[in-house]
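The chains carry the letters A, B, C and D, assigned in the order they are written, with residues numbered from 1 in each.
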Amino acid sequence: MSSNIFDFATLTGSIHTWLSGMMSSGWVIFTEMVLVGLVFLLMYALVGLFLVYLERKVCAIMQNRVGPNRVGKWGLLQTIADLIKLLMKELIPIRKSDPLLFNLAPFIVIICSFLAMAALPYAKGLQAIDFNIGVFYVMAVSSLSVVGILLAGWSSNSKYSLIGAMRSGAQIVSYELSVGLSLLAIVVFSGSMQLSTIIESQANGWWIFKGHIPAFISFIIFLVASTAEINRGPFDLAEAESELTAGFHTEYSGIKFAFFFLAEYMNMFIVAALGATVFLGGWMPFHIGNWEGFNQIMDYIPSVVWFFGKTFFLILIIMWFKWTFPRLRIDQLLTLEWKYLLPISLFNIVLIAFIVLMGWHF
Amino acid sequence: MSEEIIKDVIVGEQEDYIINMGPQHPSTHGVLRLEVCLKGETVKYLIPHVGYIHRGIEKMCEANTYQQIIHLTDRMDYLSAHMNNEAVCMVVENAMQVKVPERVKYIRTILNELNRLASHQLWWCAFGMDLGALTSFFYGLRDREMILDIFEESFGSRLLHSFNTPGGLMHDVHPNFQNRIKEFIKYFRKKLPEYDQLLTGNVIFQNRAIGIGLMSKETAIGYGVTGPSGRGSGFSCDVRKIAPYGAYDKVQFNEILATEGDVFARYKVRMAEMWESMNILEQLVDNIPEGDFTAKMKPIIKLPAGEYFQRVETARGELAVYVVSDGNKSPYRMKFRTPNFSNLFVMNEISAGCKIADLIAISGSLDLVIPDIDR
Amino acid sequence: MNSIAKYFSDIFKGISSLWAGMRITGKYFFSPGAIVTQQYPENRATLKMEERFKGEIVMPHDANNLHACTGCGICEMNCPNGSIEILTDRVANAEGKMERVIDKHIYHLSMCTFCGLCVKTCPSDALAFGQEFEHAVFDRSKLTKVLNQPGSKIRKEAK
Amino acid sequence: MGLIKSMKDEDFGDNESLELLKKSGGNVFMTSIDSLLNWGRSNSVWPLTFATSCCGIEMMAAGASRHDFARFGIEVYRASPRQADVIVVAGTIVHKMVPVLKRLYDQMPEPKYVIAMGACAISGGPFFYNTYSVVRGVDHVIPVDVYIPGCPPRPEALLYGVMQLQRKIKGESVTNPGELPDIL
């Protein structure tokens, strides 16, 4: 069906054979790992910086202003200037803090978001590791970052930080359930946890269209719950600027703060990418039933473009949330999860299981 | 201090989780310091500490002439600068028994209402920002700039104009004044419903505001909470109605009252006051009588010995000026009863048992201007 | 049953109110024409202050380097916070009489609050407000200005 | 071509002080690393949300849609001093506030800058005479880089002051970061 989509596996495969011809198999694996690591590092930095820029521009236009426009063309170099500044900023050691944990926390947060990127399929055949439990892995790894946040809040010996960290802990632990259950809905549909299989199962239509109303409901729940899980507005209680100054990272300066800052945006990317993969077909082009001509045209658009297009669409929606809504209170946040999202998604799962059993889905 | 007391204090600190909000904290809009005692996230009690911006304005007044005092009152409650000016001007005018031209009264009233609108817009921005709705900040300030343009055209400055003088105005308003006000009202009548859609109707906002920070009418009267904050509890305290000054006796307007006494009631009162201010402006703007912009005053003003009192309604409540004069060119004692001082100290009463986030909402709904508290 | 109906109506009301808010921000997102930003350093050429704008106090001098200040000191007296200091000299005029002229009209821009009392009370209209607002400096002492230009003289009114 | 986009050097005031600063800064030899760093630093000056009185409102207005601080890349108002680069002292500082201000300044990481905005912060302004509680100029407490007079200054004046600060940052060298020579 999607035969004329460029398969990156041929490219990676040819690199592999080329390397194999030059060195022993152990070195090949080592070289490939280094290469993949470098590529991810580069991509991480570029996407992160671009997301910060995008956020600033998007909110600016929503608020009738121009946004950064004086550094480089349209202010495109703005975040690079920020990065250079943050790199050279003084790192202040906090008296009476726990130095080991204090310094460790930002790395935990950023490593967690880094790990999750490995399992995402960016294009056809372009995926570092294709786990058979891909969905599970991404969720598990990305929810680990709460450990970093808790450590950051606790070790910096500041009361505001501690409150922020505690809020974040309660928030992520409870919203993890809804994210899991809403993803489970699609796992039930496609019958696999492997991300590549989930994408292949959407070749004739994305799950959000194929899965009737239940899939749509779980998509909405996924959006809301994942916005909460990555601590973004209106669920940004952990940093709640007007309440807790800067929340769990109040005492961090310089590049350590930049790690938190970057990790927040990368988490947004990961969540949006996961949502795009599971609900919107990942790199799979938009196909309509038997319209061969239309489907052919859609196939000409490279799969990378499809993936990033869908991801950035979801990111825009998450940003739209943030710049519209007021922040929730901590008890309302938990009420929303335990009284609304969780029961609905549980019921939804039962409904989907029933649909799948009866074979009503396409 | 004996050792036991020290021990008590230390033990007490360990049990109570005390955080300091301020002096530098984004939610206090100034240098207010709130010592908040928490249990988990719930507020047990709070102690406001004032004085971080005490500038001794009352003491300074004793060394300045009445014309010079005007520019100090600007800086008390900088968001209702005109009302502050007018209070002092009216004290002087009443004491000297100067008859102020009608034109001056009309213009002053228009300026009051414009200033009230600007102030409420800024409050709306800041309140939205406190609750995390960052976009409201930009929409409110965007519309406020239109008022500031009107101010700048007539008085040459945006925020603090020192435009009133005892006996009248510094100079006449700009010829464009009326047209620009009409333009602004036309524009703002379209924009104000957007505020409602963005924030008022929002379910998150309503959950954050309804039933939070309940202040009964008795509490409001007991603490002397005036202005929109007091009227949100059903305390009818609008000086414009009770003791009309300026041109307020010539216009039809309603005193906005709400009885719920929570954050949302105070919010509603302010939103309704914006509509009401526009109504007042529309009634006045076309009817400014011709005439002088100032009454004849001697260059050196000396109040006859005695005590004088005047109150006005600022954007935040009742401002009262009390002057004791010994017949010199500067007052013997000048006392300002500023609305924010009373409005601040009710916070402990109404915020007990709420969450930190509610505390921010409550302090936002009281619309505090810190330099007005400390003077 | 009633509570269940309320549960679902709450959800729908909530979602519709959220959508109302998102419509507003979305509307502005898709209408870049609503951007009201004045780009300051780029629009310097066209940026014009209102004619009454109070940027600083200046002493207008005419083409012959003459000003109207008699050095009477009323502005100094009226200034609420001492932003103006006047240093006067006594010089003999043509008729041999000693006459007061200003040596330096010192103006502390760092303190001025633009209340306008000096301009308003000046009996000879020697002071005015300038339109300049770009005053930021690195050195506080640069903000103390001498308003009368060097070598300037008082304008004699034709009697 | 000046150091600041769409402004020429001679359009700015007080160039003499800047020249003096550069000379007495010692290191005239500016490396390319210096210029890269200065480019980054000067274009990303994050202010601390610190406003004591009236000037704070104008600072808010400068950040709002009409004047838009964000164009300079400085809209990221940080509430925590640890993450801020510049403290805009907007308003009166009284004696009770001085320890707090000093502490806030000390909590900021190097390189840090101070802008004194408005008459109160520069010299005590309207409260210069006859009052017992106001500090006559914030430079008695912390070193000030740029003074912006006005009561309160227009948002444009604040933007102008920020550009002056950017010019000053661009004249610095890594060997003596943020250090003020003794000429002030």
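We adopt the following convention: contacts are C-beta pairs under 8 Å (C-beta built on N, C-alpha and C of every residue); 3 or more make two chains touch, one makes a residue touch a chain.
Not measured: the values here are computed from a predicted model.
Visitor: Would you identify the chain whose Cα-based centre sits farthest away from the centre of chain C?
Guide: A
Visitor: Please state whether A-D or A-C has more C-beta contact pairs across its interface.
Guide: Greater number of contacting C-beta pairs: A-D.
Visitor: Whole-Å distance, chain A centre to chain D centre, using C-alpha means?
Guide: One centre to the other, that is 38 Å.
Visitor: Indicate the whole-number Å distance between the mean C-alpha point of chain A and the mean C-alpha point of chain C.
Guide: Roughly 50 Å, centre to centre.
Visitor: Rounded to the nearest whole Å, what is the centre-to-centre distance of chain B and chain D, using the mean of the C-alpha atoms as each centre?
Guide: 30
Visitor: Which whole number of Å gives the spacing of the CA centres of chain C and chain D?
Guide: Computed value for the inter-centroid distance: 20 Å.
Visitor: Quick one: which residues in chain D touch 2 or more of the other chains?
Guide: 5, 64-66, 68, 71, 79, 126-127, 129, 151, 154
Visitor: Which parts of chain B, given as residue numbers and ranges, touch two or more other chains?
Guide: Where chain B meets two or more other chains at a single residue, that happens at 25-26, 64, 71-72, 135, 138-139, 142, 145, 160, 198-199, 202, 204.
Visitor: Would you please write down the residue numbers of chain A that are in contact with two or more other chains?
Guide: Expected reply: 62-66, 69, 241-242, 245, 323-325.
Visitor: Quick one: in the complex, what on chain A touches chain C?
Guide: The contact residues of chain A facing chain C are 58, 61-66, 69, 320-321, 323-325, 340.
Visitor: Spell out the part of chain C that touches chain A in their complex, as residue ranges.
Guide: My answer: residues 11, 18, 21-22, 24-26, 28-29, 32, 34-37, 39.
Visitor: Over in the complex, which chain B residues touch chain C? Could you list them?
Guide: Per the touch definition, chain B meets chain C at residues 64-65, 67-68, 70-72, 135, 142, 145, 152-157, 160, 162, 165, 170-171, 174, 194, 197-199, 201-204, 206, 299.
Visitor: Taking the touch rule as given, give the residues of chain D at its contact with chain A in the complex, in rising order.
Guide: Residues of chain D touching chain A: 5, 36-37, 39-41, 43-44, 64-65, 68, 70-73, 75-76, 78-80, 82-83, 85, 107, 109-111.
Visitor: Quick check on the complex: what are the chain A residues that touch chain B?
Guide: Interface residues on the chain A side: 59, 62-65, 159-160, 163, 167, 233-234, 236-237, 240-245, 322-332.
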